[in-house]
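I've put the structures underneath this note.
One chain, subunit A, appears in both complexes that follow, with subunit B as partner in the first and subunit C in the second.
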Partner chain A sequence: MASGEPLTTTGYIKHHLQNLTFGQFPDGTWGLAHGAAEAKAMGFWAIHVDTMFWSVFLGALFLWGFRKAAVRATSGTPSGFLNFVEWIVEFVDENVRGSFSHKNDLIAPLALTLFVWVLLMNLMDLVPVDWIPEIAKLMGIEYMKVVPTTDPNATFGMALGVFVLTLYYSIKVKGVGGFAAELTMQPFEAKNPILKVLFIPANFFLEFVSLVSKPVSLSLRLFGNLFAGEMIFILIALLFSGGAVLAVAGGVLQWAWAVFHILIVLLQAFIFMTLTIVYLEMAHSHH
Partner chain B sequence: MNINLTLIGQSVAFVVFVWFCMKFVWPPIVSALNERKTKIADGLAAAEEGQRAKAQAEEQVTQVTNEAKEQAQEIIRRAEKREAEMVEEAKGTARNEGDRILGAARGEIEKEANMAREALRAQVAALSVAGAAKILEQEVDEGAHAKMLDNLIEQL
Partner chain C sequence: MEIALLYVAGAVLLGLAGVGVGVGVGVLGARFLEGIARQPELLPMLRTQFFIVMGLVDAIPIIGVAIALYIMFAVVGG
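And then the complex of A and B:
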């Protein structure tokens, strides 16, 4: 709850959707924003502390766990956590083999990182919406949005990384000329040189849109699904303040939605990984 | 939901995580997996090889056993033959020896009989002379009647 604001439905929702933002106030001092308006006023040079904390924490958790497993990994019989890790690694490896036909040692680890990292961030959605923010409030932290993938910055950040890799490999594999030709010489092709030149703007327009739409759709898909899921959890949580009957209904609904959401959580992590592999495959192959 | 520095921060985190994963997480796990795959394949191949060797050994065992049986039978057969031969041989030797001993005994008996006959002749001659002397009631001149006596002895 925002300090001083009365407990209203709108206030509750707004509070839950507000990131803990650190940035520069209009008067020049630095600090944490109190409310959406102040956060907005900070402009680009502000950072969502909660998003960064949870994403880095979960990423580190993933790498720590998997590194521990990697150190213990031998050709002998695996057990427990190592077995689980190997299962995920093989699953990712199979997927990469299935959709990526070139030789690149980056792709599989990249896919693994994205899959597990995004999955862990998505799984934070299953923690009841009020638990961590309430604990944070006790610690004196005003806002706490625990699911990094409901922050478009996080999803765009990852998609941007994938986009840069796509550009890098496009140019590395096909050369600057090849990549430029791919952007300008299709889908409309012509033998006639004049027609060819005439087609360039139209081709470039179409190809550029499709190129840029990849990271945008990649990040928005993840963000949209998780944001919607989070929103429904928040709305269900509102039922808890509506009396005993509604609270029980809310409990049942929350459980049901959480079960269904497990599917979304897994699916979105998987889609993010698969599309990354597919985009990089496209970057590697000549048209 | 403002786009801000978090975007850059997240990108940096992404790069660092992917780099770490690529350097320290993926290679050991995958190499362990591949190593295990090879090991399992080797193990299976070895098991197959072992089974093949076992079958071969069993076949060899049967073969060797059969050969040994045949050899044993051959040996027994030969031993039986030799036994029969030896019995025959012994029989022959015994017969010859018996014959020889029998012959020697017969010669001895004949000799003894001859000697007894000679002695008997001499004694009969002496008795005849004594008898004749008694009959004639006189001394017989052995010198004069030797020829007659010898004739008598010959007639006995």
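And then the complex of A and C:
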């Protein structure tokens, strides 16, 4: 907990939902924020150190583990970890082949990276909510939010990456004119040139909304699911402060929710990957 | 008065999310079962698709649930 404050339910929840923020204070110095108000005063130029650390750490873990498996790969029967990695790669490959019909060598590695990375970040949610923050507290770090995907900055960052790729391939495959035509010449079509021009604003409005809603829904879906899961874990953790009976109930509930949450964790990583493939497929196909 | 309104807001959020996801997943599950009953050999493929669409249907209500819990326990609670 924040030093000196009395331990309340609200304080506990808010403490768990506060990122470790590094940024510029209003007086011009740089440093870590002590509390939500200070983090808010930093404005736009602030960075969530814990989100960055855990996401980069888990990304590095993914690269290291998969590289290790790739180096050891043989033509014989794989075992253990190697088998697991092969299974994931095959699973992603199958999905990409199923929903992506064009030639692009980037899509399958991108899908694999997104799937495993999001999965690893989501899995941090299954670590009991107090363990890592308490260890961090012993090391003198005031705030520690361990699940990067419960920070909208991380999910929006990934979704923006996908969005930029969508725009890039739309323009590369269809040309600037083709992409502009896709944005303005449908869903209302006409043969008459005057009518065509008249339809442009309505078409553009509809297509623009659907274009922009893709990254927003992609990131908010992942964030919302994991945030809700984290929130419920925090509320369950509150039970441990309410005596022996409630603590046992809390333990059972935490286990039950963790088991149920595995489904959400896997499903959301899978959906993030699938939708990325689908969006890129849409960017590649002509109308 | 304002605190009561916040509780009502959280309750409405939770309730409407429940109604929405109940109808959505209910229709989805019914169609899923119909599909298996008609063509049991498609079960593996249907199950995958079922879970994908359930994740999509689930997303908005679960965001509502998260915000409702946040309002009721972190904004209001003491």
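Everything below uses one rule, namely that the second predicted complex is superposed on the first by the 287 of 287 C-alpha atoms of A that agree within 3 Å, B and C clash if a C-alpha of one lies under 4 Å from a C-alpha of the other, contacts with A are read in each partner's own complex, and residues count from 1 in each chain.
Operating definition for what follows: a residue touches a chain if its C-beta (ideal position, glycine included) is under 8 Å from a C-beta of that chain, and two chains touch if they have at least 3 such contacts.
Values in this document were obtained by computation on a predicted structure and should not be read as measured data.
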{"item": "Partner chain(s) touched by A:Ala70 [first = subunit B, second = subunit C, both, neither]", "value": "first"}
{"item": "Partner chain(s) touched by A:Leu17 [first = subunit B, second = subunit C, both, neither]", "value": "both"}
{"item": "If touched residues of subunit A are counted for subunit B and for subunit C, the larger one", "value": "B"}
{"item": "Partner chain(s) touched by A:Asn225 [first = subunit B, second = subunit C, both, neither]", "value": "second"}
{"item": "Contacts of A:Thr274 with subunit B and subunit C, given as first, second, both or neither", "value": "second"}
{"item": "First (subunit B), second (subunit C), both or neither touched by A:Glu182", "value": "neither"}
{"item": "Contacts of A:Asp125 with subunit B and subunit C, given as first, second, both or neither", "value": "neither"}
{"item": "Subunit A positions touched by subunit B in one structure and by subunit C in the second", "value": "17"}
{"item": "Residue numbers on subunit C that touch subunit A, as the complex places them", "value": "51-52, 54-56, 58-60, 62-63, 65-66, 69-70, 73-75, 77-78"}
{"item": "Residues of subunit B defined as touching subunit A within the complex", "value": "1-11, 13-15, 17-18, 20-22, 24-30, 32-33, 35-36, 38-39"}
{"item": "List of subunit A residues in touch with subunit B within their complex", "value": "17, 19, 21, 23, 39-40, 42-48, 51-52, 55-56, 59, 62-63, 66-67, 69-71, 73-76, 85-86, 89-90, 93, 105-106, 108-110, 112-114, 117, 148, 151-154, 156-158, 160-161"}
{"item": "Complex contact set, residues of subunit A against subunit C", "value": "8-10, 13-14, 17, 217, 220-221, 223-225, 227-228, 231-232, 235, 264, 267-268, 270-271, 274"}
